[in-house]
Amino acid sequence: MTVTPFISRSPDLTGQDAPCPEISLPENPVAIAQELAAEFAATAAERDRQGGTPQAERDRIRASGLLQLAIPTVYGGAGASWITVAQVVREIAKVDASLAHVFSYHPLGVIIPQLYGSEAQERYYYSETARQNWFWCNALNPLDRRLALTRDDSGYRLNGTKSFCSGAKDSDYLPTTAVVAGEEAFTVVVIPTSRAGITCHDDWDNIGQRQTDSGSVTFNSVTVYPEEILAPRQPGHPFQTFRACLAQLNLANIYVGIAQGALAAARDYAQTQTRPWLTSGVELATEDPYRLHRFGELWVSLSGAEALVDRAADQVQAAWEQGWSLTEQQRGDCAVAIATAKVAATQAGLAISNQMFDLMGARATSRQHGFDRYWRNLRTFTLHDPVDYKLREVGNWVLNQQYPTPGFYA
Amino acid sequence: MTVTPFISRSPDLTGQDAPCPEISLPENPVAIAQELAAEFAATAAERDRQGGTPQAERDRIRASGLLQLAIPTVYGGAGASWITVAQVVREIAKVDASLAHVFSYHPLGVIIPQLYGSEAQERYYYSETARQNWFWCNALNPLDRRLALTRDDSGYRLNGTKSFCSGAKDSDYLPTTAVVAGEEAFTVVVIPTSRAGITCHDDWDNIGQRQTDSGSVTFNSVTVYPEEILAPRQPGHPFQTFRACLAQLNLANIYVGIAQGALAAARDYAQTQTRPWLTSGVELATEDPYRLHRFGELWVSLSGAEALVDRAADQVQAAWEQGWSLTEQQRGDCAVAIATAKVAATQAGLAISNQMFDLMGARATSRQHGFDRYWRNLRTFTLHDPVDYKLREVGNWVLNQQYPTPGFYA
Amino acid sequence: MTVTPFISRSPDLTGQDAPCPEISLPENPVAIAQELAAEFAATAAERDRQGGTPQAERDRIRASGLLQLAIPTVYGGAGASWITVAQVVREIAKVDASLAHVFSYHPLGVIIPQLYGSEAQERYYYSETARQNWFWCNALNPLDRRLALTRDDSGYRLNGTKSFCSGAKDSDYLPTTAVVAGEEAFTVVVIPTSRAGITCHDDWDNIGQRQTDSGSVTFNSVTVYPEEILAPRQPGHPFQTFRACLAQLNLANIYVGIAQGALAAARDYAQTQTRPWLTSGVELATEDPYRLHRFGELWVSLSGAEALVDRAADQVQAAWEQGWSLTEQQRGDCAVAIATAKVAATQAGLAISNQMFDLMGARATSRQHGFDRYWRNLRTFTLHDPVDYKLREVGNWVLNQQYPTPGFYA
Amino acid sequence: MTVTPFISRSPDLTGQDAPCPEISLPENPVAIAQELAAEFAATAAERDRQGGTPQAERDRIRASGLLQLAIPTVYGGAGASWITVAQVVREIAKVDASLAHVFSYHPLGVIIPQLYGSEAQERYYYSETARQNWFWCNALNPLDRRLALTRDDSGYRLNGTKSFCSGAKDSDYLPTTAVVAGEEAFTVVVIPTSRAGITCHDDWDNIGQRQTDSGSVTFNSVTVYPEEILAPRQPGHPFQTFRACLAQLNLANIYVGIAQGALAAARDYAQTQTRPWLTSGVELATEDPYRLHRFGELWVSLSGAEALVDRAADQVQAAWEQGWSLTEQQRGDCAVAIATAKVAATQAGLAISNQMFDLMGARATSRQHGFDRYWRNLRTFTLHDPVDYKLREVGNWVLNQQYPTPGFYA
């Protein structure tokens, strides 16, 4: 497929003539993800302590072909379904929630021009991402209105700051939301991260998701070309606002992955390291009646969350395939299913990442194992938006048959 | 299909020559169940107060064709899957857990000869049930070893008592477990309920499942013909012991149905009857933030249980289709999935049948509504076997990869 | 002490000259309550089934001297503290929540003239109640504004209806709240239940608290003498509004009593009736690890609630002793402590009345035991006012240091 | 009071002639603790990150006089009750659980000779601790049997290792449990930490309680003088085994302190930093209905735990005052009350240290605040011994009226 040059004036875009990486489309993405996960697992606890940018791991993702997943085949990508994307993300989340986080915002980023832009923009960004294997990030944070888009004689400029810009560091492309004077709604802009005036700060030092680089990005008189300002085809259309559904499902999916990883870690440790309690009357920790009961309870909770996330993924894929035919009702049903799954995943994950210690015993608190990172990661990430308002949304549908209002969080 | 006379000596069996009811095989069983449910709903609260035998409703079920569901088409039945059976049972359980209970033990009964008997017994009982539209019950209670099967010169005799014989009253056929002197394992016997010497007692007066007639049956020198003593083809085979899986799934399915019915009742009442609390600051009860939140929480819990029961039903049907090729592993995977679903259904159901009152308010405790019957039914039925041991089984699989030991409860 | 004739015109008041019952002041009220409770326990399950008025038991309470408890010694009463009153109520609640309910509204009633009336009214109602051993009830329901107090040439009249009038049937005195045209605040009126035009209806038929006669009372042109209209000394004073605190504490106290009774019943049954589960590996049900664990969990929950209710009772008594010196802060601290205790009692009680069945097993659902009445009673009574708004009040104090707004429920 | 030289041969004991620190007995220990806590709070988050020994803070405790608390006045100490000790510990725990931990094992240490030793040993260790202001630690870990006490011609020797020796580093005195060949029961030895051959390792690097130095101590042919080997007066006496009760109560008390500190931190942050959620409809985060509700729920849980710990402290003090007259029943009642309180404190604390983040919002996960340390500390410390076995003990008392078996954990 030939890609028509889109932004001729952009000097900082890696052009068609630049040597492109040779990336094969992944044939079995889940298997690839499992291989990567096995690698990442070896260093996950140590990298959690360090924080910072997981450069080597990001490069391994780049080389794996997994950045091609969500790009339609017509634009040169792998055309994977959201079900597959979710499985891939979950495999990584089982061992490293930070990497799952930054990876997952790539497919969530690369679709932005399709939803918020013109057909030409959709084509350009998809094709060039496929060709040049760009790694996208997330700088959309709609709770932060400090970034302004202005126009003067020389063109458009971005000035200001965005917080919570996950994966911006080392990314190739950066979608962001800017305020235009006099307008309530954000304008979405997609520019190369290397554009002059953009600074990704090393100011993410939080208790969890420590290698997500979710710090701030400042924009100092950053040039924006008109073609980089997304021109919505159908503002407010259920399909346009569908990205919030995808993002929410992604959160739920990562929560489930973290929970699965935590329970597996507890199981492995309890099988091999834990001693029976002195008054338990059993010879092996694996025979302890209360340990078995807790593993049972946590498994029930996890299985429910997993089933709901999988169900929601099926609905989401079906909705996605509707494209611009997606109805409000179909979108609403998805949003309710996703919110339901996200709450269940939050509850199951927090229970597991807490109680895994009861399953393993006191010596498992040694810092070498880093078992607290499951809780720290999940606790941090589950605050993305409040679970109580998710519950309210679900309840409003159950009681009043009202769908969640489409927005950045539903 | 011609059915070869099976038990020539049996004078009390309704023979081939007897006029058989004309029952159509149900084309859309779920729709039929919904129609029946709508009827049953009108009198459910009143019948719960009365207890006793739901004769009229049992006759409606007989006439509906739903007794044919689980009978293979080759024997003249409807050949419905366990997925369909579960849906039918759940529709009834939403409005009347007693009727769901007694109905559901019919398909669980009619398959007993296939699993525990010879090929001839399988053929006979299926065919005649299809032809004569027999309504089976459940008199298997393996915790009660008071029923003895003996042989003297005149043949076999049953003497003793069985407790918890759901649906025995007004049933046509009665499968039961008897102790033979010197043998640990039960012998399964299937005889007509009308056989001389059998008395179904009116001694079921419990707080829930009040129209299930789950009382005791006494057997006073009851004749048993040799052909009525099931002759297992492959004792201990994973397929032979699979009925426990079906029964456990059925319990989980009914629990979910009760929970769905309760939440729907609470929703309808809250929409139409409940007043906002005086310090709530809202004008309608349906806008109350805490009510919305609780509806959300209960929905999340219910959705998870529902998803797990549906998943388990899919697995069960696939396992069932394996027949005598079913492996220990396939059976074990089913058993774990079912136990997981049953725990989730128990938890969701108890939460809903309790909190539905918080959703509706004080006036909803008026006895005319009978809203407490959801809790009484579920609380009674969830004691069938202890949830704590279900959790232990699940945990033992998670931690030790050991499947539940096949038995009457797993 | 000589009581000055208060209402000379009232022909239906049992005057000073009427023969008064000979009632001894109780020396050991808790022991008396325990004796009564032992009697009441024998018939509690049966009376729960019947519903209606517990006439014989009410008469036993009358004869016991316990109606004198809350009446100050200066007026001829027993002058017991609220701590003692709470203990007495709880002893009865352990075996019969309905009787605890109707009894407890007597001390809550007899203090109304002290809080809402003049000094003369305080003196009159206390003294005459002491002398004539009147049994008061509760007809205050502030959510029901259908009762009107009007004045014409012949004097004051009550017309209308009050719902949820616990204990009105067979009561001697009836305090109620009436609407006067043009006034938002209620006027409190205290009249003899036998006054012409008052009808206590037999329309309480709810799922719990079945012998509380909490039905409706209609007033048909009922004469009210001016002296029966309470004349507040200090409207809005923290002491005047303190009755809501007492009533809320009483609710919490009864919830705890129900929970204690339920756990004791479960313990007794499990010790003597329950069989070990067949896969438990223990010989006695009392050795089952999960049963021990659940008894432990429920005990922890109950003990916490009990400790909080007892603490609150100490605070309440200290506040009560302040009388008209009670400050807003002291009242507020009490209100927070009571709300905290009431939530804990609600949670513990619902957990126990649900899980007691897991502790006892399936056979405990037999209706002869009536074990479901603990849940039905508690579930009904805990809806008195919503637990979610109690939590909100507590949270508002924790987060914002704001006391609950004094009213009928705080 | 004159202290008779106890161990004339001990060259490494700071003798009577050595200059002793001038420590005043604390008049208001709780106020002193609050002052110290205010100091410690300023650096708690930073010191948590560093781990290691809180040398400066330990010295501040030494200088505060608080080491004198549990020493009877007859031996020159402050003679404070366990109620006061608990309050002091809790004040510190609110801001720094590590310091509360190492401080609290001082009073728990200094009483060991009284319970496990002779009268002369009781006198010596109390008096000299009072005089020289020794800081004790905890090296008793009864789950670790690797430390051996042997005798050869030159006397007694300790060889081996003890793990989980909280506060050993920088301590003055070290009580430990050693195995003597052929004996099941431990021998308790109390020696100066500076004794030749003792090495306190810097090998405590766990996820919580990071400044407790709970690492291992190795003993390399360490000389033990006969007088340092405790000679029990009444082995197995309820008073001798009472230290386990004190230690368990101390754990519960610290858990409550952590929980109180966490909830206060959340309140302060929510009041000043948290923004209302964009769909909440309120202008201030402090008005959010769900935030108020959660603060309410957590407060109820915390208040219950606090009340139970306080009740248990009262019982413990009364039991302590019985001394060698303490009966099995009195000890048993204490043990049950303590276990009950400990479970409640565990549950409340884990709920609060988890949900405090929901109360504060996403930005509160910034590592500068160190808010995760409440959870890490509590999660680590609550694994001291399994909560499930505590529940079993409580349940065994409720159901079977059996007291916990006296041991190192009950």
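A, B, C and D are the chain letters, set down in written order, and residue numbers restart from 1 in every chain.
FYI, a residue touches a chain if its C-beta (ideal position, glycine included) is under 8 Å from a C-beta of that chain, and two chains touch if they have at least 3 such contacts.
Keep in mind the model is a prediction, meaning the values are calculated, not measured.
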{"item": "Set of chains adjacent to subunit B and to subunit D", "value": "A, C"}
{"item": "Relative to subunit B, chain with the most remote C-alpha centre", "value": "D"}
{"item": "Chain centre separation in whole Å, for subunit C relative to subunit A (CA means)", "value": "55"}
{"item": "Chain centre separation (subunit B, subunit C; CA means) in Å", "value": "43"}
{"item": "For subunit B, residues contacting two or more additional chains", "value": "289-290, 293-294, 388, 392"}
{"item": "Complex contacts: residues of subunit D adjacent to subunit B", "value": "289-290, 293"}
{"item": "Subunit A contact footprint on subunit D (complex, rising order)", "value": "143, 164, 205-208, 277-280, 290, 294, 350, 354, 357-358, 361-362, 364-368, 371-372, 375-376, 379-380, 383-389, 392, 405, 407, 409"}
{"item": "Subunit C-facing residues of subunit D, complex", "value": "263, 267, 270-271, 286, 289, 291-300, 303-305, 307-308, 311, 340, 343-344, 347, 388, 390-400"}
